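Each chain carries a letter (A, B, C and D) given by its place in the written order, and its residues are counted from 1.
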Amino acid sequence: MSTTEIEAAIAAVRAEVASLHAELVKYGLVIWTGGNVSGRVPGADLFVIKPSGVSYDDLKPSNMILCDLDGNVVPGSQGSERAPSSDTAAHAYVYRNMPDVGGVVHTHSTFAVAWAARGEEIPCVITAMADEFGGPIPIGPFAIIGDDSIGRGIVETLTGHRSRAVLMQNHGPFTIGVSAKDAVKAAVMVEDVARTVHYAREAGPLIPIPQEAIDRLFDRYQNVYGQSGDERR
Amino acid sequence: MSTTEIEAAIAAVRAEVASLHAELVKYGLVIWTGGNVSGRVPGADLFVIKPSGVSYDDLKPSNMILCDLDGNVVPGSQGSERAPSSDTAAHAYVYRNMPDVGGVVHTHSTFAVAWAARGEEIPCVITAMADEFGGPIPIGPFAIIGDDSIGRGIVETLTGHRSRAVLMQNHGPFTIGVSAKDAVKAAVMVEDVARTVHYAREAGPLIPIPQEAIDRLFDRYQNVYGQSGDERR
Amino acid sequence: MSTTEIEAAIAAVRAEVASLHAELVKYGLVIWTGGNVSGRVPGADLFVIKPSGVSYDDLKPSNMILCDLDGNVVPGSQGSERAPSSDTAAHAYVYRNMPDVGGVVHTHSTFAVAWAARGEEIPCVITAMADEFGGPIPIGPFAIIGDDSIGRGIVETLTGHRSRAVLMQNHGPFTIGVSAKDAVKAAVMVEDVARTVHYAREAGPLIPIPQEAIDRLFDRYQNVYGQSGDERR
Amino acid sequence: MSTTEIEAAIAAVRAEVASLHAELVKYGLVIWTGGNVSGRVPGADLFVIKPSGVSYDDLKPSNMILCDLDGNVVPGSQGSERAPSSDTAAHAYVYRNMPDVGGVVHTHSTFAVAWAARGEEIPCVITAMADEFGGPIPIGPFAIIGDDSIGRGIVETLTGHRSRAVLMQNHGPFTIGVSAKDAVKAAVMVEDVARTVHYAREAGPLIPIPQEAIDRLFDRYQNVYGQSGDERR
């Protein structure tokens, strides 16, 4: 890619990542300055992420932070006078180790965190969950911020798993996707299924969905749903 | 009907179906692109339904999809370059088999899905539910997308039943009505009663309403409520 | 009062009652066309109430309905071509029998209805509830629409009771106040305490508030809170 | 400080306190006229607090109330014709006795009150809670309005405690901070953790976070998070 093409790609990801944060607010997944979205810059070893501790109302393309795949802010880039999200190391670890991932999202959404605080995976008992995640939502290890342990936990849990969401124990959901938008959709859906299955189960026994039906639903949704050419992008 | 009259009827249903989707958003029944409303075109073997995988913010009369009663998109009609909702076959089955139905709605609203995941009908313990549904909200069979089994499950469950809502097991609510608006009202009300009865029951035993009182409430509401001439339309 | 004065009083109550319905929407107490507010016309045997089955977005002073204390629409009055709320008889009964009541509100708000479906009064375990209601929120009898039994149940339960709210069994809350605004505040507060005490109790035993403290809180709030001269009006 | 400097400081705190009330509304922590924010005037023995019983829509810098540290309204100050919040004595007690506190917030937010009604501290089982509060959220004594007992309970509970939030038994949360904004953030976060841990625990046993991990998270968050120079201010 030429420098001009890379600049254009960065600008596009800045705009997309900045605007996608509004979806987290719209669906009630975040409060105050918590939560973050990042997006990989196609064709470059770079990604764009939210700055740390900045209000959702103040996010815009120009204050998104450009990082390399080690999670270092690119010196001199737009917005580089600010610190990136405190979860940047985890995002970077995912981009380094999962080359097909184009976007990562982290929130502390209520019901997803509730399952995480019990270290309990969400069973696949509703068809929308089979469609979207192809089975249960797994739990990742307990890991605290400060080194690669959160990123490693995400990658180890989601590699080879159908689910694009992992509930890090005592912490909360991280989601991945082929794009930042796809990861945001997974963050919205994981809270929705966490909430629905919570309420379902507290009132009595759940009816399992046969594995064969889960497989058919997942396969169909990945290949048929939406307008041709734009699914999950 | 003349061609002009049919065109006018189609345009009216396109406008109504497009705008009714906003009610699903307003009442928190849907997220992302999930959920769909359809409306029968009066005087023609046609119905109008939401396109698949399109954001609620982007719905408008011109991108609604016109289908025949087999669920096939009418070739050359406005918006026919897009795919209709993935639930179109179920809507079509209902229109073919229930001639009095003028509208169908499907959502994955939280509490209705929670009852569906347990395969448990909602008991009629509040007067608003007796008014609107005339008794319990029934459960439909487990059926997955891909053939007529969802549509058949809806029709078999609701034929001869007072309820305009069915909770398809492990899936979610489908509602019918004399018009698209009436089906949307049923979708709003079924989530409301699903939520209220959920909370009521988790805190202790419920007091049943005598059948005779349910009958009187249902009869009165169907015949008296609202402004004369416009009830349920 | 002169005719002009009565006309002015009616116009003022029409405006107040129409606008207060927005508070029911704002606080999530009503859906679709459910719920209603009424207000007594000072100095006349009249009250103003919401029309039946009209959308909240379409309410305005001119379509509020003017009724006499038997619940009959005043012939020829503005908006009299429409039917009043189906709960008008209950409101009228309250105005006839409780001369100090200036406003009545009815909703099907979620948590208040949940307690009503169990026929269980809400215990007074939070100080805000002692302030506002002076003790538990009582349950009224099971009564269905069609005669005076709902109105009689409200009046018999609330006469001599500190609470301005009653939960009619299997039905929902009715609240009264010195004005329509005061009754709306009671409707907002009763749902809030119904919700809070629901969540409190499902997680473990509640700590009762000593009766003497309840009495002091209630007395203080009725006499001291707010700006002098405008409390509860 | 010169008189002009004090006037400017008062004006700044009036503006900040007035606008911060909107955050309480935005996050659903308050209804009607309940809840209050106050902020200390830097460099003076004064604080600014909400008036009593005034609607959130009507709050503006000019009707905030200026008080001395005994909770008396400063005679002749702007807005002094109104009564200050009925919780003013508790705020004043905190400012008198905790010189590092720059802001105080009180709400009746649903889940925080639910824990308070059981007199049960919120255990620290989620990392966001370790970050923000450094451990459990403590319960304060039962105390009713009318003397210094609420203020004393807040101060005795929070002195030497990592938490900036206390749940006063049967009453609700009070939060403190280095600024009014910081106390508002604590009020938002305490409701969030109260809600999340409520749902987590009702579905099964919680996994504790090791004390050593809580300590590291709390230490890191207090010193690293956010943009340098603006954290918690």
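The working rule: contacts are C-beta pairs under 8 Å (C-beta built on N, C-alpha and C of every residue); 3 or more make two chains touch, one makes a residue touch a chain.
Computed from a prediction, not measured in an experiment: that's the story for all the values here.
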Message: Validating interface symmetry: for the copies chain A and chain B, is the fraction of residue numbers used by both over half? Same or different.
response: different
- line: Matching the CA atoms of chain B with those of chain C requires turning by an angle in degrees, to the nearest 5, of 90
Message: Averaging over Cα atoms per chain, report the distance between chain A and chain B in Å.
response: 32
- prompt: In whole angstrom, how far does the Cα centroid of chain B sit from the Cα centroid of chain D?
  reply: 46
Message: Two or more other chains touching the same residue: where does that happen in chain D?
response: 201-202
Task: In the complex, go through chain D and note every residue touching chain C.
output: 31-34, 51-54, 82-83, 86, 108, 110-111, 113-120, 142, 144-146, 169-172, 198, 201-202
Residues of chain A that touch chain B when the two form their complex: 27, 125-128, 185, 188-189, 192, 195-197, 199-200, 202-207, 209, 213, 216-217, 220, 224-228, 230-231
